[in-house]
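In what comes next, chain A is part of two complexes: it sits with chain B in the first one and with chain C in the second one.
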Partner chain A sequence: MTDSTAVPDKGTDDQGILTGVEQLSPEKIERIINEVLSSETGAKLKVYVDTCVSCGLCSEGCHFYLSRDKDPKFSPAAKVKQTMWEIMRKKGKVSPEFIKKAAVVAYTQCNLCKRCAMYCPFGLDIAYVLSVMRRICHRLGVVPLYIQDTAHSHSVTGNQMWVKDDEWVDTLMWQEEEARDEVPNLRIPLDVEGADTFYSVIGPEPKFRAQLIYQAAMIMTAAGEDWTMPSTPGWDNSDMCMFTGDYEMMERLKKMHFEAATRLKAKRIVMGECGHAFRSVYDMGNRALGWKMPPIPIVHAIEYYHELFSQDKIKIKKKFDRPVTLHDPCNIVRGRGLHEMARSVVNSTCKTFIEMTPNREHNYCCGAGGGVINCGPPFKNARVESTKIKAEQLFAAKAKGAEVVIAPCHNCHGGLEDVIHHYGVDMELKFLGDIIYEIMEIPE
Partner chain B sequence: MYDIYAIITGPLAWLSFAVFLGGSLYRFISLYQLARKKDGAVFQYMNLAYALRSIAHWLTPFGARNMRLNPVMTVVTFSFHIALFIAPLFVFAHVVLLEESFGIHWITLSDRVADILSMVVVFSCIFFFARRIMRPEVKYLTTWVDIVILIIVAAPFATGVWVFHQWAGFPTMTLVHILSGELMLAIIPFTKLFHMFLFPFTRGYIGSEFGGVRMAKDW
Partner chain C sequence: MIDTDNWDWEPGRKTVADLSLWQESYSYTEEFFASPDGETVAAIVRNEDEEFTVATQAPGKEIQPWENAYEKVWNLKYGPEGRLSALISDMAEWTVSTDDVPWENTFDFVWNMALTPAGDHIAVSAQKELQYSAVIDDRPWETQFSRLTGMALSQDGKHTAAVVETVQVLEAEIFKFRKGCYSVAIDGTPWKQTFMNVWEPCFSKDASHVAASVRTNYQDYTIAVDGKAWDRNYSSVWAPLFSPTDDTLIAPVKENGRWFLATDGGKVWDASFCQLWHPAYSQDGNRIAAIVAPDFGLWTVAVDGIAWEATFNEFLTDLVLSPDGQRAGCVFKHDGMWGVAVDGKPWQGRFDMAWKPVFSRDGNHVAAKVETNGSYTVVVDGIPLDRSFSRLEAPIFSPDGSRLLLRGVEKDVFYREIVDLG
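This part shows the complex of A and B:
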């Protein structure tokens, strides 16, 4: 009765996982697993694993399951069965081969989006259980190559993208210079002490999407914001270590980030349109450091934009006139309930707003989150195949007239870009900041 | 026959109550102690109002999106759980036993209602079984333990109906009825049936997380 008619397991060719597994012995596996289980987990994990009555009702919550033609192997509980159930049942006596498969499941077949927690009648947090599996894999040195590379970058440079300290400052000055063509006295104020707002971004912004920093500077200037960015490490709020299971590094990163803001005596941290970074700063990183809630108020871009429009701090020339739909990112909707604020900003900036369904807390994941897209090319095809349901959801919104998808999250952008391209959805993808910049009155 | 009856209604009955209560207490205390030691954060985030909000939504039929997506399962699950509790507690024959043994009694169900409720439990178990072997996503998760538990849960109700209608061999069935009821009670603390006690805590915790930290609904 435990067999399934799942797709044949083609195995993985990820070098990070394969090389890691080569160095494992059953003794090492057992020792590490029991170390993690006894020192880092407790009643929560035990209750989650013991309470599951294997009713399968979580399946409906998972976009992997729905996208993979309801293949039972991809239901949330099935992923636990292939990982932690087995490990706890055998008290860590599992083979290197088992770890190899478990790593693929934990790192690449779950976005940790927590949608299933809303579909499980018991509210079991399966994302947490799979995070424990990732933690074990990290401790065993079995991590997909590409995401491990970003984790290495985090530990060497303090940012995700191997951006050197001088390159960071240089990028900011470059964007400032560009923006001064439009607004001659615009500044990106570096290291200003006591500013109201400390603005932080993720590593990929200076690396690939520097125009977002330009846009943010423009919006801050138009709003008359008293703001600053740090010239030192701590500017990057992103955190792939949180997703590899490298919690020691996650703590160091969050400490750098919070301390960069406190050193400048900032009143609050405003962060760009990123979901996972928000999860790291607002949910996981602060907890790991012993803060029940973040030590400094954390304001996500959506909240910030909402503040701008509700307090009339920014003027628009005219509303964005192409019909838009909105993608609710897991980490700021199921993670922080920003869905109504996002809608309010969309309605303040766009003429026609078309809901995709399901939406708000029930929105389907982009397929990229939880570090899955960061596991890179070896898993890209599998990832995109697992977003069929997202493509269908986008097609339905398109059929209702939507031409532009707003996704206020970097990871979602990466994921949706692939969805749109692969399934031929043919919709344009934008950040809220893109739209605001496009329609706002540029300050003198 | 009467010797066996005396044993299973005497010492065995006490044993099953003792195992049920003692075992449940033991599991509660050990989980609580472990949580105190390793999951301090859980106590920090637990929030009574949000916990109750979540529990209320999930104890209301069709109160969560997933219940609306699975209407048949929702109807069966709710009727099953309600019948499972009401029938044994209020069936006339059980209350009479209590009255005779301890001199306490409470309201009873009419025989006809009790009969129907018991059949609801049995048919629900058949439904769950069918679901377990027919729905691929459930089949994939199902182990033989799940099936055995289903049988143990259905047994006291199936035999109860049998005995009530006095079908062939009902005196023996009475013994099976009592024995299977005792067995069901005794395994609760050590199997997934313990979910009856853990539900408020798991639901309450995720409700607290969603309500207090995530500021989102969890239904």
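This part shows the complex of A and C:
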């Protein structure tokens, strides 16, 4: 590797980063960096950083690079050069100004989507390298304001939306009451010990998308599921602490989540349509606590829906008749390989399915993942500008006749809503659960 | 703390309720709960007026609904002394009802109902006009807070503690948050000290002290007792635990990537682990056991710092010590199946699920509820009983340990059965 050239920077007005940087000294930066490097990283990081030969093959794998007119600054290798490569080369002797720029790169110019790793001839996991940069920024207290606030919410409430204990239960009861207009004996069973399935959701569901809980209750009831939800913290499977680099809090959250399920003696956790939460419960959080795999099986909504149709657990009135396309969320496709199962569910429920290209594990990220959308308004314009390639992908699917985009992930919904609006794609966005609820036979 | 001495321990099976009659009587019935002595069953039901209430039935008696019915009822719970309590709501006002007698105070919401080991006191967390407090036996705190969670009830039932927001922090006020806006309030009075985060408050045996785990900044976690933090910081901590006999306080702490059991003065055990949580004291306070991971992905129990040789590769939970502290049992998951281990030895059977082992009073026998293919039974000292149920509650030993009370459903009939373990 050679020294990277300075890249012009427009600066940031994010107060989490700016105020955080004001409180730094070179000594503190050096101490924290070396603590992280010596006690939390090892051969993996060194091999990743040292092995990169700057061949640039990762560039074509990155939607930032492709969307930004192939500006080399947005190449994954360049992002490493602007962050960890420099830090390791200088053994932590970097300035507060450097940390400011590195924080912007690590938190807002990489979705940790791991697409580039598939294009690297050495398979280097650049998302991991940038996660180490985020970890350093967290330890330094230099984190974008909005995602830091979300991490604070997790630490106080156990959920990412500052939802209070009573508000959670009240919302479930409200959705149960609404659903009883449709199915009089429907129940959202709270704290039922010994239920087979523990159903968990992410914070935005009770806060903004309570209809998804309604729909899930309807689907579970139709399927005759023996299920429950907890009245206690631990109901939220999401995890922005994983993305800020606050791994101690990630561990606390995952402990809370798994213990809420195991306390009720559930045999499995079925989770709603969320990608990053899956990464947290299936890979990062469980392993940080010492479990090789989740202590009880985690079943993503796609797997659960596949089970419903492959085992004939629910009946549909007729297939969804508008042409659909499918967005493959990074965390459950590159992270778990659920892409064929998702297609099976789409084909079971929709009359016309039009693939967007590229697809499956090669699909482009929505631009929201990795906590980037959670960094909030200060970075929204830059984020949406970095999804031009996604918009082109949607336009191409639309040209083939697709009217509806199915995105089985909350953050993907947020990201794709912005893409569709900003680029004038004019397509409707749905969860798989929206479609299943729309076409299913409602139980009596 | 269940007083079982005066229960009927005569071996045999008694029909408590024919549940098919409940289905005929009510269009909606939730799951059934048995009283601790097994002489009564109860469930939340919906009556002809489309209101929710609680109904009970005892052997040879009619189904007896409460006189009062409500818009909502949840969290039905038998206390150890057999009183039946639930959270109830009418006209959007919530309160507690015990044996059909509601509290006088009402709130906009109540939750987290807690009972003392003797069952003589009940506490809930409550919200009224977006202000939060705790309530014991219908007496709310005089002070309210903008946020409250993690309520704990002292063993004597006279005190509650909870994590409260003492400096109101609005969304996006991240720098205010860092200064510390949370504390513990005991009976409504908060500690003078605030912290960035506070979790899991707990009382000492005589309720003279309250401890909690705290985070003072992004890097430093420790334990605070009566508002004063331990001198030493750690990279993480789990919930603290007081000794059942004195004010000794222990907590799992993480240092240099390893977990230890610590007290304010230093380490309790020399051994360190990849993970350590849920410590448990023997009743005399002389022994401590904890769930540990000696290596990544391997779980076992450590007693007084010595880990069992047997390890389990998926999960370990429900650690319990015998009353005399000489024995330890737990539930484990290994290669996808659940089992029970006692004193370091896994029982032979593997199940779809296993419940917390129960020791007899003298510690000589252990029983655990288990599930296979949706059917429940009890395993006693490693041997399954020759009967099964479609629903079953935790087994209870007779005072001398020679008999076992089973409370379960078979073919839609709720039975109370005493099994002679001869």
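Note that in this section the second predicted complex is superposed on the first by the 436 of 444 C-alpha atoms of A that agree within 3 Å, B and C clash if a C-alpha of one lies under 4 Å from a C-alpha of the other, contacts with A are read in each partner's own complex, and residues count from 1 in each chain.
Here, a residue touches a chain if its C-beta (ideal position, glycine included) is under 8 Å from a C-beta of that chain, and two chains touch if they have at least 3 such contacts.
Keep in mind it's a predicted model, so treat the numbers as computed, not measured.
K.L.:
Between chain B and chain C, positioned on chain A by superposition, is the outcome a clash or a fit?
P.N.:
Once chain A is superposed (C-alpha atoms), there is room for both chain B and chain C without a clash.
K.L.:
According to the stated criteria, A:Ala78 is in contact with first (chain B), second (chain C), both, or neither; which is it?
P.N.:
Once the two structures are laid over each other on A, A:Ala78 reaches chain B alone.
K.L.:
Using the touch definition from the top, say if A:Lys46 reaches chain B (first), chain C (second), both or neither.
P.N.:
first
K.L.:
Go through the superposed model and pick first if A:Val333 touches only chain B, second if only chain C, both, or neither.
P.N.:
first
K.L.:
Figure out whether A:Lys292 sits in contact with chain B (first) or chain C (second), or with both, or with neither.
P.N.:
both
K.L.:
With both complexes overlaid on chain A, does A:His362 touch chain B (first), chain C (second), both or neither?
P.N.:
first
K.L.:
When the two structures are overlaid on chain A, which partner does A:Gly141 contact: first (chain B), second (chain C), both, or neither?
P.N.:
second
K.L.:
With chain A's C-alpha centre as vertex, what's the angle to chain B and chain C, nearest 10 degrees?
P.N.:
Spelled out: centre of chain A as vertex, angle of 120 degrees.
K.L.:
Who does A:Ser231 touch here: chain B (first), chain C (second), both, or neither?
P.N.:
second
K.L.:
Minimum CA distance, chain B versus chain C, superposed model, integer angstrom?
P.N.:
Chain B and chain C, overlaid via chain A, are at closest 8 Å apart by C-alpha.
K.L.:
Following superposition on chain A, which residues of chain A contact chain B and also contact chain C?
P.N.:
Shared contact residues on chain A: 40, 292-293.
K.L.:
Contact residues on chain B for chain A in the complex?
P.N.:
31-32, 34-35, 37-39, 41-42, 44-45, 54, 58, 64-66, 69-70, 73, 77, 133, 135-144, 146-147, 192, 194-195, 198-199, 201-203, 205-207, 209-210, 213-219
K.L.:
What part of chain A is in contact with chain B in the complex they form?
P.N.:
Where chain A meets chain B, its residues are 1-6, 40-44, 46-48, 50-57, 59-61, 65, 70, 72-73, 75, 77-78, 81, 117-119, 121-125, 283, 287, 292-293, 333-337, 339, 358, 361-362.
K.L.:
Give the list of chain C residues in touch with chain A in this complex.
P.N.:
Per the touch definition, chain C meets chain A at residues 27-28, 30-31, 72, 74-75, 108-109, 111-112, 125, 127, 132, 147, 149, 165, 171-175, 177-178, 182, 196-197, 199, 215, 218-219, 221, 235-236, 238, 254, 256-257, 274-275, 277, 293, 296-297, 299, 313-315, 317, 333, 352-353, 355, 371.
K.L.:
For chain A, which residues are in contact with chain C within the complex?
P.N.:
16, 19, 39-40, 138-139, 141, 145-146, 148-149, 152-153, 155-157, 162, 164-166, 169-170, 173, 184-185, 187, 189-192, 194, 231-233, 246, 248, 251-252, 255, 262, 265, 267, 289-293, 295-296
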